[in-house]
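Alright, structures below, take your time with them.
Look for chain A in each of the two complexes below; its partner is chain B in the first and chain C in the second.
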Partner chain A sequence: MSAVAIAPINTRGRQTWAWLRLAFCASMLAFVLLPLLWAVYLSFRPNVELMRHAPLKLTGPYTLDNYIELFRNATLFRWFFNSMVVSGASVAGVLVLSSLAGFAFGRLQFPGRNWLYALVLMGLAIPDQSVILTRHQIFSDLHWHNSYLALILPGLSAPLGVFLMTEAFRALPKSLEDAARLDGASTFSTFWHILLPQTVPALASLAIYTFLLSWNDYWWPLISATRPAMFTLTEGMAAAQSNYIEVTGMGVLTAQAVVAGLPVLIIYILFQKHIVGAVTGMVKL
Partner chain B sequence: MPSAPALEFRNVAKVFDGLRLFDDLSFGIGKGEFFVILGPSGCGKTTLLRLIAGLESVDGGDILLHGAPIHNVAPGDRGVAMVFQDYALYPHMSVADNLAFGLRNARVPADEISRRINDAARALAIEPFLDRKPGKLSGGQQQRVALARALVRRPDLLLMDEPLSSLDPALRLRTRRELAHISKTLAATTVMVTHDQVEAMTLASRIMVMHEHRIQQIGTPLEIFMRPANVFVAQFVGATPMNVLAGNLRQTARGKAGFDLDGTLIATAIKHPGLPESPSWRLGLRAEDITLTAPDAGQIRATVGFVERLGEQSWVHVVLGDGREVVATQTGVSQYSDGDAVGLSFDGARAHLFDADGMAYHADVS
Partner chain C sequence: MTERRGWTHLLFVLPFLAVYLWLLVYPLLTGVSLSLHRANLFGGATFIGLENYTRLFRDATFRQALGNTVLFVALCVPVLVTVALALALALNRAGRFAAALRSIVFASSVLSVTVMTIVWRQVLTVDGGLLSHVAQGVGARPLAFLSDPHLVLPSLVLITVWWSLGLPMILFLSALQQIPRSVYEAAALDRATPWSVFRHVTLPALTPALLLVIAYECALQFQLFGQPQLLTQGGPNGASRPMVLYIYETGFNHWDVGYAAAASQILFALILVVALVPQLARRLWGRA
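Presenting the complex of A and B:
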């Protein structure tokens, strides 16, 4: 209370600010959260209710039928599996390539290094949309469409990952590398046993970022995977929605969306700290 | 040199960004020596250490380890271990794994590794921390781990790059004394780089003073202190820089050099006939060789400028009639205050002379 007595105006001003901030954050949160909650809510309502064009009552009825229906449908699991394979392989591939490239650019001396690095960074400025036509042509000429390879390969060229890892390796003290050399470690052993473990925070951020990017990707699978067996989850769900909405119904579709969103939600909850790190880290760079 | 050189530099040159850092650098280090390379920041002493370790390549001349050139030997195979200024401990490994890493690379058998780790841990009192990560240790403990990591390799040559500089003063003193003790018991050939002359004086069997990428002098700590090779060494080594005053050279009746300081003749013990021709001369006297007296009892009158009281002694900065400043040592806490008139008495027998090029001349040791 003494603080109020000393500086009443100031404190009140600060309190007003705090309330405004809170209100702003709450409205942003509602904006993001309400559609999600709405989908979860709908997924537990009987389809018949949803088709009636009448206001829904919070009291019910509720049902698990939509989820039961969903789990009877084998294609959804196929799509889920496809997405897992593609995202998992993308993460693994990007981590391997980016860390190796980052080590080379950040710690090794070789002719043309700076030019090559500049070339990689230029890749950051090229939007996916501008190369998708030619990429489609190439994959089509090679008869690679409708394969995991086609879904995974384009995601592996990750200039952002190379940039992130180069900066991570560059930030490590030179003496660490020197100590390893005096301890008789080879260049690869220095990379693998000494320097790479120091970049784990950057690797974690990159892994999460790559996973989300790949999991949520819709456009490239839409172009490359034309056979339903090769659909990813995003593509499959969109296809289901446009073709079968009358048959399957709103309830099943929202249940699908909830299941599709679960891995992302779980990752967010588990790696919240690293995601914030990934985003702020990139902003800082 | 005490014995056959364990390490020898023969006309070593190093070019850095087109700049010739070293040119024709030659010196040798005997087996079991504690050799300290002393010099101000940027004098090239760390580069020298990195050349020995093989972390930098030599651009001319030879570095020989036990008589064999080592350019084509990889850093890990030179039998050289190094303690880095920032310790460079592997952060993700336990202390024990830090010590084991180099031994595993050298394919030392596992039971031998654990025996060596235990020996080193006992010698350096780091046994309680073997399972901890370096980040959980204090600066002093990390320093001991870094030393242990170097010692388990049983190196022919132990290199230390400013090993004490990251410690706070109290810990630095304690660690310095531990280091002196350890190096005596190990008798390993050691090359240490420092800019701290107290570390050099207390630890070294021999000191090499460097300045601007050149060797200024190599000698025992006492030689460096008593008979500095030039004006740089004279002013770099010592608790407070040696007083260096310009004046005129005279010959005294006994064939010794006398130094004319504004009409006051200071008789030195340096033989006059041996001195070369030089356009100018300077007199060097350490602060402890100048005594403060009553204003008229000394050889010259001066005024107290300011006083630094260190406790066990004081450094009294006095200003001569022509504005030149001289520092004199007084034991205990000085009672002088700024502006007091004093007299100065010079102990000419302990004086040094410097010619125009800065080369030093000393009295013969009797």
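Presenting the complex of A and C:
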């Protein structure tokens, strides 16, 4: 396609374009990768070397001390566990709520349907920061801060999942549920046995997207979880970098970043297509 | 089709609606009301009308935060959109190299803000940062990216572009892939120059995606928070304090929640305006 796109007037012009493109791609590759490689490099360097700002050497010495030190630290596992609980429950909750609501908005008639759907879509424009103070008060009044429930619930109020699932249910052919109706199936069993299995690709995209969003959320855990035992990994990485100079040192800090970054990078590599699917699904809006 | 207009169908949307109204709509509305009160985090509120808003515009710290935020968005969004568009145009082709580069560029956006700032702190810091090493290597004076008041916002722009390139690139790529091949073939037959192909074929086809990305990124970047909160705490002298950090400090460090709520309403209004402007532009261009 692009071979046609740069329709040649003359060969020299075409070659110049090809070189420019290559130079641009190479510099973008360096821009994206070098900071990451630098962090990985630092995480394998002895802290003594980092403290005295030794000149940059690729020949070593290298060490695993930073990682060993890290895995002696039990709080890191606790944060990892908290993140798993919160992200896992968020995914389950969003999938259940969004597929139920998406099915009703996409396939059923009921009083006030269009009005309610418009109300839900309006929520897409509300940024988290503009509800944070009063949301914080709701959880304070209930004495729910520093609990898993408090970390999970706000994520379930985001309307994006309902929008994506409504679109997915709408796209299914009408004939599917007509056959089920003839068999006398209830509305719920039509949803559960016939239509829901057809939306698995959309569910998968929504699941991965929700997982990453929840795993990476910094703003709400920062405000709600104030006891270190209830930190998520993302929030814990913030605490780690505010006191690294006195406590751990640069090497351990970067090792922490590598350990915290790896799970999401692995999920990204495994489920790349679904993430891109979720992202491009939003464009239909 | 016996229950065509059935109230029972409402049961399917009820669970979501309950959470949605409780944790998004209700806090939004009470937030507006809170902004009209003098209140602290421990309860006790006095109605004071618009006093919080008038106080905000006399508050030099808030005005600085507002200016920082607008400047950040004005620097960040054009750079981000241009680079993402150039990447999409360069990588819109088959082949392993292009596919690998697409994946690598998007990978940085799956990292959390806290991991991302740890990585960039080690690149930007004067003491042993990657750029300091490079500067020393070529015999230049290392720059204090995070503590120089003139460099700190551009540095935040740089790392935000690094972090956010993936999404606009993907959106541009998916728009590019919807342009039919035959259009380019016809242009090639007409011996159109690359520029005129871009100007008359590619760019018009990209306009909807372009407006969407600009609106989305403006709305997103107005909410800048984690990068300065973690790297600079808003310093030096407030040169990198954005509005959300101001709201956070006012609400959760000074417990002046009514005042913070007023600041967050102003931010919300700004975001709505920037998100709506491209929509209006699309309407107007559509008519022209």
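One rule holds for everything that comes next: the second predicted complex is superposed on the first by the 255 of 285 C-alpha atoms of A that agree within 3 Å, B and C clash if a C-alpha of one lies under 4 Å from a C-alpha of the other, contacts with A are read in each partner's own complex, and residues count from 1 in each chain.
As a convention for this text, a contact is a pair of C-beta atoms (placed from the backbone, for glycine too) under 8 Å apart; a residue touches a chain by one contact, two chains touch by 3 or more.
All values reported here derive from a predicted model rather than from experimental measurement.
After the match on chain A, would you call chain B and chain C a fit or a clash?
Aligned through their shared chain, the two binders fit side by side on chain A.
Which partner does A:185 reach: the first (chain B), the second (chain C), both, or neither?
Only chain B; A:185 stays clear of chain C.
A:66 contacts which: chain B (first), chain C (second), both, neither?
neither
Of the two partner chains, chain B (first) and chain C (second), which one does A:47 touch, if any: first, second, both, or neither?
Touch partners of A:47: none, neither chain B nor chain C.
Given the superposition on chain A, what is the angle at the CA centre of chain A with arms to the CA centres of chain B and chain C, as a multiple of 10 degrees?
Computed angle, apex chain A: 100 degrees.
Classify the contacts of A:176 with the two partner chains as first (chain B alone), second (chain C alone), both, or neither.
First partner only.
Specify the partner with more touching residues on chain A, choosing between chain B and chain C.
Looking at chain B versus chain C, the one contacting more residues of chain A is C.
Could you tell me if A:194 is touching chain B, chain C, both of them or neither one (first, second, both, neither)?
The first partner, chain B, only.
Which partner does A:116 contact after superposing on A: first (chain B), second (chain C), both, neither?
The second partner, chain C, only.
Mind working out whether A:32 is in touch with chain B, chain C, both or neither, as first, second, both or neither?
second
Quick check: superposed on A, how many Å separate the nearest Cα atoms of chain B and chain C?
5
Taking the contacts chain A makes with chain B in one complex and with chain C in the other, which residues are shared?
In the superposed arrangement, which is not itself an observed complex, chain A uses residues 181 for both chain B and chain C.
For chain A, which residues are in contact with chain C within the complex?
By the definition above, chain A touches chain C via 1-7, 9, 13, 17, 21, 24-25, 28-29, 31-36, 38-39, 42, 50, 53, 55-56, 96-98, 100-101, 103-105, 108-112, 116, 119-120, 123, 125-138, 140, 153-154, 156-159, 162, 181, 187, 191, 212, 215-216, 218-219, 223, 234-235, 237-238, 240-242, 250, 253-254, 256-257, 260-261, 264-265, 267-269, 272, 275-276, 279-280, 283.
For the complex, which residues does chain B have touching chain A?
Its residues touching chain A are 50, 53-55, 74-77, 80-82, 84-86, 88-92, 101-102, 105-106, 153.
Could you list, by residue number, the parts of chain A that touch chain B in their complex?
Listed in rising order, the residues are 173, 175-176, 178-185, 189, 193-194, 197-198.
Which of the residues in chain C end up touching chain A in this complex?
Residue positions touching the partner: 1, 3-10, 12-13, 15-17, 19-20, 22-28, 30-31, 34, 41, 83, 86-87, 90-93, 97, 101, 103-108, 110-115, 117-123, 127-128, 130, 133, 136-137, 162, 165, 167, 170-171, 174, 181, 184-185, 187-188, 191-194, 197, 202, 209, 212, 219, 223, 225-226, 230, 244, 247-248, 251-252, 257, 260-261, 264-265, 267-268, 271-272, 275.
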